[in-house]
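Right, I'll just put the structure down here and ask away after.
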């Protein structure tokens, strides 16, 4: 028998080797700590570098839609009832006599300066219009995603822990149904039930007519503005108006969130470290929420960012039904009035938000997952 | 040895198959274990891992477990409450899994994972738990325990990960350790170290060890007794030093399949499976 | 030997037998999923109803009878009448032709394009891959409905514009999927073997790579059909899809929308049709995924 000291020396790998990758563990090479932070930063920077390219692409797409797809872009912008002199002036103003690449260059220059053209319908600069309508959509989408997460995530986790049981089947069917129901039909049904039949919800719009214009605009988010003004009746009124469209919109994404959460959780609950956690004698609550859920946080954040962006899509239809004065309604009204500058401006802004959300998800992913290099 | 730690009699485990029936994974296994080192050897699918997990009641809910007797230190595992089982898991029986790359939680620090195991079975605060974790990392002969404590599993090597796994399972001071292929995922050079570590710790603490492996010579070297399993049944159980005098044809076949340094052979023989081995044994 | 035995034989004697045996086993696995079978059933029924619309319709879908506006379901009008006194049941049948026709048109346009782009990008790699994936990224940077809206606005509202707009926004996910599949098989030995026999890249992509992508693509297409239905209906609802008096489900809801509080069944019935079609495709896709593409579960 060897002495303890001898054994110690024999068993202990040399210092450097402890952190070096052993040949059998192929795959990701392990690195020392200081450089990991640097690598993480570099990954983020390379990701940021791709953003301008994507933005450039967005501009190409909107330019293409605005100037190449229509048979006569001038008519698309000024409308086909405009008198001839207006059309001619617009043609010159837009530089449509120039070759396409010069037109595109000018368009790009305008975008960079925040100039999205003038809306025919409101005769305001499109940028100004969007700034006015965006907060309402932001308010609606944010409240909706909060509701969707608060219900959808626990529902998905619950179903995953009872895989194959009744609860799981019910949640699965519910998710498929939620996925299949058009948001505008849901909105109409909701109006029918809560507004017409039960009479517990206020009608369409963002606030009751007698509160209109009573509160100063600070943020454009009505629930916050009314709090700033300290006008509680107006706050409750705004909240009541918000509840229905936000609930409809939340249902729209709830199904997707629950479904993804369930799928992620199922994969994690089958993994080895969960067996380890059970073998340690931990409670099932702790295993589910601390261990398995801890591992799905990161992919879940990406899903949430995508869902949030997808809410903008649902918002177009929801806002139309509930007469919610947001970006979606601005977009559809402009569409019906063939107000191309407004349509393209709103489309571009939505694209920008999409890219920003993706970037945010990526950032959070890099911050939260210890494995990201 | 007064009373065996583990008594298993006629254990049967079935899993639902995709065609609607049941597949038998373990078909009437009996064995007992005191504070000794028992090796369980068999091919993959022979039911050795399932036997170990059945003892901790860690099998998926869909599995059907039946036995005449499945007892750990007086506790009937088949009928014990979930609460009792939670005390048993980790607290009395530790389980070491194959590959630390998968068996450690990738998003928790090593320190947090060991401390959690300690706190599940000991009264004490976070600080005490972390101190205990540090102490345990020293016991598994990690030279820089403080740094490892704050590391994530992907930042340490496979051998180190397995030491962490051992430390974690020793944290609540169990009476028995089940090591399920603890070295198969590791380099050959590290394997011996890990096994010796387990051996030393088990001997020093007077624990029982169930070493599950497909590596017959390795098990023979480290264990007191060896149980050879095939297709969900124990073919024979014999003292490790008598392995070379094994009587059962399957064990002999397994031993025969291995190359020897001392003799020269043109080609290794192929194991001839006798359908008689599959028949239920009394 | 019965046909079933022939199909389930462990030792097929010909390639055809092996192929059909595999298909039969896939079908058996699929058949166990009751919901998916129900989905398939609903889709088949809807297809038959739409195809036989001229036979099954009780009224001319375009004829207005203003004296019989907004009637509830009755023996004369099985599902009631709309705001212009047109028979809802007949319009629903004809509307199914438009809606399902749009779905088929989009899929026929999109699936091959996405498949080829993805396979080429994945197989060629390098600059081609980077370029094509960058383009898909840009298209993925817009919500689908909103990009489709902008496209339709630039063209003329109508069924054709809607199909083109949806197709333009629907291909990137297919390209993504096909590329991912291609990357996993690009370095497979059988591809190397074909390369060594001197096959051209196009031949390899078309004959050897694309077939490997088919199962996952089929699943994706089926699941996507439901979202195409919803996008098409959404465009119709916003007045940018099929134009009245063409009976299209989304358009039907849009024109009857203001009666939701009084004659609620008028907009709700086409809504149920959209819901059922979409749900059926989702159920079918879910079932197909389980049997064709188990790794995606």
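By letter and in written order, the chains are A, B and C; residue numbering begins at 1 in each of them.
The definition used in the following text is that a residue touches a chain if its C-beta (ideal position, glycine included) is under 8 Å from a C-beta of that chain, and two chains touch if they have at least 3 such contacts.
In this text the structure is predicted, and so the values were computed from the model without any measurement.
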item	value
Farthest chain (mean CA position) relative to subunit B	C
Chain with minimal offset from the mean of all protein Cα atoms	A
Mean-CA-position distance for subunit B and subunit A (Å)	47
Euclidean distance of C-alpha centroids - subunit A vs subunit C, Å	25
Centroid spacing, where centroids are CA-atom means, of subunit B and subunit C in whole angstrom	51
Residues of subunit A touching subunit C in the complex	53-54, 57-58, 60-62, 65-66, 69-70, 76, 173, 176-177, 179-185, 188-189, 191-192, 195-196, 263, 266, 309-310, 312-313, 316-317, 320-321, 331-332, 335-336, 338, 340, 343-344, 346-347, 350-351, 354-355, 358
Touch list for subunit C against partner subunit A, complex	35, 134-135, 137-139, 141-147, 149-155, 226, 230, 233-234, 237-240, 250, 253, 257, 260-261, 264, 267-268, 271, 274-275, 278-279, 281-283, 286, 297
Subunit B - residues contacting subunit A, complex	56, 58, 86-91, 94-95, 97-99, 101-108, 116-117, 120-121, 141-144, 152, 154-160, 165, 168-169, 172, 185-187, 190, 193, 196-197, 200
Residues of subunit A that touch subunit B when the two form their complex	7-8, 10-13, 15, 17-25, 28, 30, 33, 271-273, 275-283, 290-291, 294-295, 297-298, 369-371
